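Two complexes are shown next, each including chain A; its partner changes from chain B in the first to chain C in the second.
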Partner chain A sequence: MIYLKIMQAHLRFTLRRSMMIFILFIQPVLFVGLSYYIYKDSSLTDIGSKIFIAGALTNFWACIVFSSISDVERERWMGTLELIFASPLGFKHTQIAKTIACLLLGLIPAVIAYLLILLIGLELSFAAGLKSLIAAVVLIAFMFSLSLCLSCFFAISRNSRVVMNAFEYPFFVLSGFVFPISMLPQGLYFLAVANPLTYPVALFRQAVIGEKFYLSWDLLLLVSITLTSFFFILALWLFKKIENYVRISCSFSLV
Partner chain B sequence: MSVVIEVINLSRSFHRSQSLRDKSNDTVEALRGISFQVNKGQVFGLLGPNGAGKTTTLKILSTMLAPSGGEAKIFGLDTFGQEQQIRPFINFIFGGDKGFYWRLSAVEILTFFADLYGVPRSIQKKRIPYLLDLVGLSIIDAQRNTESYSKGMKQKVQIARGLINDPKVIFFDEPTLGLDPASAIEFRAIVTNLAASGKTIILTTHYMAEAQQLCDQISLIDQGRIIAAGDTQSFIELAGKHNIIEFSYKAQESSKIALLIASREPLFHKEQKIAFSVEDSNKAKALTGQILQQFDPIELKLRKPTLEEAYLALTGN
Partner chain C sequence: MIRFFRMGYYSWLELQGHIRLDLLLISKLINPLFTLLFFVYFVQYAYPDAAIEFLILGNALLMSASVITFNIASIFSHERQAGTLSLIIASPVSRLLLFSSKSIGFLLDALLVPIISIGCSLLFFESLHFLAILMSATLIFSGIIAAFCLGVLLSVSILLISENMIVTNTSWVILVAFSGVHIPPNSMPELMEILRHFLPMAHAIDGLRSIYSISSISWTEALLLMGHELLLAVIFVVSGYYLLAILERRAKVTAKLDLE
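This part shows the complex of A and B:
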């Protein structure tokens, strides 16, 4: 119940930021348009589904980065981070509720991308069924766990704003949001393989549009679930650790 | 009276670096072993110049910072280690524009923080309008985004936020910063009423008249150390200024003033107005006689020093 109240407040606050309005409503249009021009002259089939995945996932990630991770930095600058931290509910539960709210917000661009593809007149041929559902759940759970971990790192360091923007665009390419990582040059390919976000994204792409990956579906599912669990456990451990760390290092406030 | 807050030999240091590359080990000692205690229902004033360690003390007590050494206890519970048990019963109000969601209205901010403190919605419905009324914010203003608020209105929201959980212990860090005189008077009445209802309060302020009016006990911090402590009167006496003789003289008496200054250092001397501090009533009588004999003063006053004068004397200003 308390999570619902915090989510409600966070959604209200987030939807009043012009940056989020851009990410939620304008950016999907731009990304779908961009993906359409990238794909339209290619020999690939089922480009509607590929554009949908690109448009939905890139904006989903942008929502996570800008409304959840960078939220910690924003709260620090507003001076509210330490108020949240010193409240009985605390940073952990507040951040979990906010991240869930961000995940919900992240579905808005997906709906916009879907409608745009229909508007353009492209065909969408998703592989519905259990596999797709499992892949979607694993992907969302992974994003949730990773976001919690990153928000802890952002809370620990007062210099996190330096790397904040680096989290958005490189991951579009290095995680296979827009096109499969097999299309990347060798150097970037190795970076993409080392990127944990690649695996749940590949799982989703494989389940929904049957795109091949260097791992089989079963192995990909196992890796994705293992990574999700790892980041979730790491987040819980970090939440516990930072409770004392931030008060010793004074990283929650600017003073 | 029961002790609510106990600070024993508290110290806190900060490592300061200018940038990511800066690996220098520059340590700032914000607190160097301060000790004090505050009883239930008392208003305790922490005074001192900027950077003295007042805010650091409040942040340690409000569980936002860890001490580097010593102990800080509220209701006998350590603020570092037993903070979960303390947090529901305390709150803090910091001066200035920080600590604010600018895109939310005052009502939305108060609702959010009430939720963080686990205040049930049924209680929120009564408490939020009550607090808005207490700080003097109209319900129409309270439903507007705080982005358009004046500094004083923002400070009123901060005060209401700090009272949202009906705390037993309240920390005020320069709470009247930015408030107009009328609002500051209202705020002082709120603090007086809170103390009368049994709340324990620690207050930092730069306004000495405010401290003199509100505080039962005062500690003066300078460079992380307590340099004077006690009630307002004993604090003034500690400064060594028991009486002040203040008089205005005529322009043609300027040469005689130079002779007087040569024999006794004035407390202040500005625009034909001069003041001296004297330790006891006999010396005060003697100096008054000397002034009346040598000058034809426009105005002559014998008065007790203010807290501000004691503060300036103790901090070496």
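This part shows the complex of A and C:
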């Protein structure tokens, strides 16, 4: 019940921020429009699905970064981060509830992108229905785990605002949100392969548009689930560590 | 003169308060470079044969627009947030001088971004022709000046509303979409193609496209395109100056110096 209340409060608060209004409602429209005009005269096939993947994933990630992660920074500046830590519920449970709310918000741009693509009259030919659904669930679960880990990192960072921006375009490039990582030059390709976000994204791309990756779909699924579990366990460990660090160092909000 | 540049430095520092070297690298090198790479590969995915030189130079120009729309356009709204806008409006100093000094740091910043991006991307160029590079550089410079002047107009316009994030983000995406780097002008809807001529950088990008994608252009044609950019720059600055004068008068009449 308390989770629902936190989620409700977080949703209300987030929807009052102009940046989030832009990310949730304006950016998907602009991005789908831009992608459509870039792709429409190209030789690419199944452009509806490709625009959907690009629009949904980039905005979903932006929503995670600018809502879930920047939320910690906002709490710090508002002076409420200490209260969250001191509350009986604690930082971990509050952050889990907020992250779930952010994930729900992140689905709004995907729905907008889907509707716009249908409105334009493009086809969305999901290569494998059930596989697409499984890949979407795994991708969302991975984003949830990763977001929890990042919120721990940002809780003790004093430079979240600057670092946060570096989480947008570098990850768009190195995770294959819009184009396959095989297009990248060798140096960047190795970085992309080392990037854990690449695997659930590749799983989703392979399920939706049948794009080839250096791992088969079954192996990708296994790797993605393993990474999701790893980041979730890491997040739980980090929450504990940060709780101790904050109490011992006593320098939590001294920005 | 020292005061002029000192104010520019403080203004830059206020918005770019992350002067630690690692953070400076993130915001001035890694982020612009990856933004550039993102848009280059975005287009190359659809058009594998697209001229890479044009994509790099065009996107480098857009990176400058990003610095301008997100920083210069926010100068006045940041003053309002900090509670210093009233003091600026009440001071007898020339508005033009004041704004120039506050934005000089960002103009240099905006000029630095394409230089760094182009420097890092030189490996992609198949051959370097001095005249083509010189013509590209002058076109890019005229585009940056026009974008800078749009930033001045935006900065004043933002005072009319309370939120600046939506305006700055939307402006940047519109500049990207209408610029013609990613969507060739002949693939745009008619209205979009007409409107882009009233936006900065479109003519400079048309010039760059002619140099690297279609055929070479003469210096006269290039100078005409630069002239278009500079004309737009003058229109934006004059409009911004008069809009600020109107807002100042309104602020004095309603006794609200922070123009809210």
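To be clear about the criterion, the second predicted complex is superposed on the first by the 249 of 255 C-alpha atoms of A that agree within 3 Å, B and C clash if a C-alpha of one lies under 4 Å from a C-alpha of the other, contacts with A are read in each partner's own complex, and residues count from 1 in each chain.
Here is the rule we go by: contacts are C-beta pairs under 8 Å (C-beta built on N, C-alpha and C of every residue); 3 or more make two chains touch, one makes a residue touch a chain.
Quick caveat: nothing in here was measured; it's all calculated off a predicted structure.
S.K.: Quick one: classify A:N244 as touching chain B (first), chain C (second), both or neither.
M.R.: In the superposition, A:N244 contacts chain B only.
S.K.: Check the residue A:Y214 against both partner chains and state whether it touches chain B (first), chain C (second), both, or neither.
M.R.: After superposing on A, A:Y214 lies clear of both chain B and chain C.
S.K.: Name the contact category of A:S42: first (chain B only), second (chain C only), both, or neither.
M.R.: Once the two structures are laid over each other on A, A:S42 reaches chain C alone.
S.K.: Looking at A:V163 after the superposition, I want to know if it touches chain B, chain C, both of them or none. Which is it: first, second, both, neither?
M.R.: second
S.K.: If we overlay the two complexes on their shared chain A, which of chain B and chain C does A:R12 touch? Say first, second, both or neither.
M.R.: In the superposition, A:R12 contacts chain B only.
S.K.: For A:F190, is the partner it touches chain B (first), chain C (second), both, or none of the two (neither)?
M.R.: Neither: A:F190 stays clear of chain B and chain C.
S.K.: Overlap the chain B and chain C contact sets on chain A and report the shared residues.
M.R.: In chain A, residues 159, 162 are touched by chain B and also by chain C.
S.K.: Sort out for me which residues of chain C touch chain A in the complex.
M.R.: 18, 20, 23, 26-27, 30-31, 34-35, 37-38, 41-47, 163, 165-166, 169-170, 173-174, 176-177, 182-184, 187-188
S.K.: What part of chain A is in contact with chain C in the complex they form?
M.R.: Of all residues in chain A, those touching chain C are 18-19, 21-22, 26-27, 30-31, 33-34, 37-42, 44, 159, 161-163, 165-166, 168-170, 172-173, 178-180, 183-184, 188.
S.K.: Residue numbers of chain B touching chain A in their complex, please.
M.R.: Within the complex, chain B touches chain A at residues 14, 20, 55, 59, 62-66, 80, 83-84, 87-88, 92, 94, 98-104, 108, 111-113, 115-118, 145, 161.
S.K.: Any idea which chain A residues touch chain B in the complex?
M.R.: The contact residues of chain A facing chain B are 2, 5-6, 9, 12-13, 16-17, 78-80, 82-89, 94, 159, 162, 244, 247-248, 250, 252-253, 255.
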